[in-house]
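One chain, chain A, appears in both complexes that follow, with chain B as partner in the first and chain C in the second.
After this line comes the complex of A and B, so read on.
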């Protein structure tokens, strides 16, 4: 547990001291939301119907770019071997980085959510349900993203490979379910009305985390 | 009978069609200060990575402290330290934070005292709070040595440790190696540079064409240099 905490804190220190990266995530998020605003400013649309896809596309693309460097940086700085030399288990590295990724993406999502309310003033009947769904879905997105980031970090075009590998899998699993559930919440439902879909997202979370836990040893080995 | 702490038998490693190591046999005894010389690209770094368990061999047997390394046990990892030519340091963190991070991974008790004394020993205590990104190559090397020693390992691997070090830093490194060796620590070092490293060792080897072709101990620098040059000349044919 100490090793997970040490890696979690190290990742956050490295990430938040790298101001260039943080600024680029924030600017990218702003650009995504602003693009949607301008795109929809010329057509008539129902904000309640479009709020959910806009929000999840923004979360997904904003978050995806913050996933890429977390393993790639270890390769670029030559610190991966330093980690492997220590007596900690590869799963500690996986969970330390997963929790750090989650923290960073939650912060980013909070920023995107604030921007979203500014650009798209929408009524949310049940904020608690919306936040719960965001947390549950983000765990799945981050778990799979973390794993694919580890796999693609050894590849020369890792920044390109991450979305190529991540988008098809996430789109038809967590994202699709999350968009559907969030649409219902914007339409007035609460989390208990959409429990079946929430359970499905939770199942994806468990599967993605389990696959990462089981594979990380082989991925980090070489 | 010397206490063998590392025994490598017939270690082979290739990358694609390139056979880098072609049957390396090596024994390191407790208290040795062993330097393996070899020209650039001869497989020194590949060998030291295999011996330090960060890279797997294609075949051969490796025992460290009497145990096979197949499982890469925590026990072995706790007993070995590795100062690579990559410093394994995070440029966004300070010198102290880097050592603190590794101290946590090794579950070091009394880490504050340990980190403080190591930073003093490598002459970087006054730069404890400065980010490693602002350090010179030589300072990173010294901090990397402190990182490799944070868990007081019994067997310490050094990969080209003198690269980028000025004379003062070389002196610090040599004194540290000698002091730790007197405390019973064992060193295995690889380098191509005879001039700066020869005097610290008590055993010497030469790696050529994927094998250790010559081993000796207690030899004069001049005689060893002649042998080394002869092997390098043969290598080029």
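After this line comes the complex of A and C, so read on.
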């Protein structure tokens, strides 16, 4: 547990020491939302129906860029060997990085949500349910995203390979379910009306964390 | 020696069964009472789809075996099978679209769970090949692709669930049922599935051999290069 905490604090320190990185995430989020606003400015569209896919695609791409450096910088800066030589199990490294990543992505999503409401003024009947669903889905996305980021960090052209590997496994599982559930919330349901679907997303979370825990050893031993 | 004989045997069986299945699918079975002759593509469509699922299953299994044993033999099988799987998956998607156009009026229906899952599988294994192409070393290629193959197949039941939820909010267009299979049609289908399975085994054996030869050549090159 101490090891997980140490890795968690280390990752956050690295992220926040380099203010450029945080700034570029925030600017990127602004750009993503602005491009969606541009794409939908020409046509008449129902904002309640499109709100949920727009929101989730923005989360997905915003989150992806903050997932990308988390393993890669260990390789680039030559700290990977040092990290592996410490008496910490690979799964502790995985969980430490996962929690740090979750923290950063939650902050980022909150920022995207704020921007989203500015650019797409949509009515939210139940903000609490929306936030709950975002939190639950983000756990699954980050758990798998972390593992894929560890894979892609070992590849050449890792910036291109991360989205190539992430889209087929994430977009058609967690994100698809989240979009459905969130569009229901925008249409007026609360979290107890969509409990079955939320349970499925919770199952994603559990399975993806278990997969990460089991498979990270094979990836880090490279 | 034994392996060569086995390969020849499988290839002969594949050729014989393919000829039989062509006869059964195109001549022996009567045309479908509603869909007519168009329906005959069904025998090759289902067989290709079946082979693609089998091939991806083999990739998953070989990936697990590789991680357990660290023997490159399993990695070669996983990769070869994934490649063949993509080939047959593409064939399945194309033949399915050709069949769907006259029957449904469209080439593709996103609401259909079978089509959706096949498409996701296709994407996952395209990504799998891209991963292998970008790996930096032989071990890393084998390790990472085995892990990704496992993740990919674990995601499939979840895609299934996600699509079910999706459909609740995006109601599907009702399609006419495909009609029940007559005994002669079922027989033709079974024969073409057997034929395609032999074809798959034959291609897999050849493909694994090619991978082995590639490895030997690499070893020889390294020797010559010092």
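Here are a few things to note about the model shown:
Keep in mind that, in the parts below, the second predicted complex is superposed on the first by the 222 of 222 C-alpha atoms of A that agree within 3 Å, B and C clash if a C-alpha of one lies under 4 Å from a C-alpha of the other, contacts with A are read in each partner's own complex, and residues count from 1 in each chain.
Going forward, contacts are C-beta pairs under 8 Å (C-beta built on N, C-alpha and C of every residue); 3 or more make two chains touch, one makes a residue touch a chain.
Fair warning: this is a prediction, and the values are worked out from it, not measured in the lab.
Comparing chain C and chain B on the residues of chain A they touch gives the larger count to C. In the superposed model, A:204 makes contact with chain C only, not with chain B. Contacts of A:88 after superposition on the shared chain: chain B is touched, whereas chain C is not. Looking at the shared chain after the overlay, A:167 reaches chain C, while chain B stays out of its contact range.
Look at A:190: by the touch rule set out above, it reaches neither chain B nor chain C. Once chain A of one complex is fitted onto chain A of the other, the partner contacts of A:79 are limited to chain B, with no touch recorded for chain C. When the shared chain is aligned, chain C comes close enough to touch A:180, but chain B does not.
Once the two complexes are overlaid on the shared chain, A:48 sits clear of chain B and of chain C alike. Legend: residue contacts after superposition of the two complexes on their common chain; A:6 is shown touching chain B, with no touch to chain C. Chain A residues 221-222 lie at the interface with chain B in one structure and with chain C in the other. Interface residues of chain C facing chain A in the complex, by the touch rule stated above, are 67, 116, 120, 123-124, 126-127, 130-131, 134-136, 139-140, 143-144, 146-148, 150-152, 154-155, 158-159, 161-163, 165-166, 168-169.
Remark: chain A residues 144, 147-148, 151, 154-157, 161, 164-165, 167-169, 172-174, 176-177, 179-181, 183-184, 197, 200, 203-204, 207, 211, 215, 218-219, 221-222 touch chain C in the complex. The residues of chain A lying in touch with chain B in their complex are 2-3, 5-7, 10, 13-14, 17-18, 77-79, 81-88, 221-222. The touching residues of chain B, when paired with chain A in their complex, are 49, 52-54, 56, 74, 77-78, 80, 82, 84, 86-93, 97, 101-102, 104-107, 131, 147.
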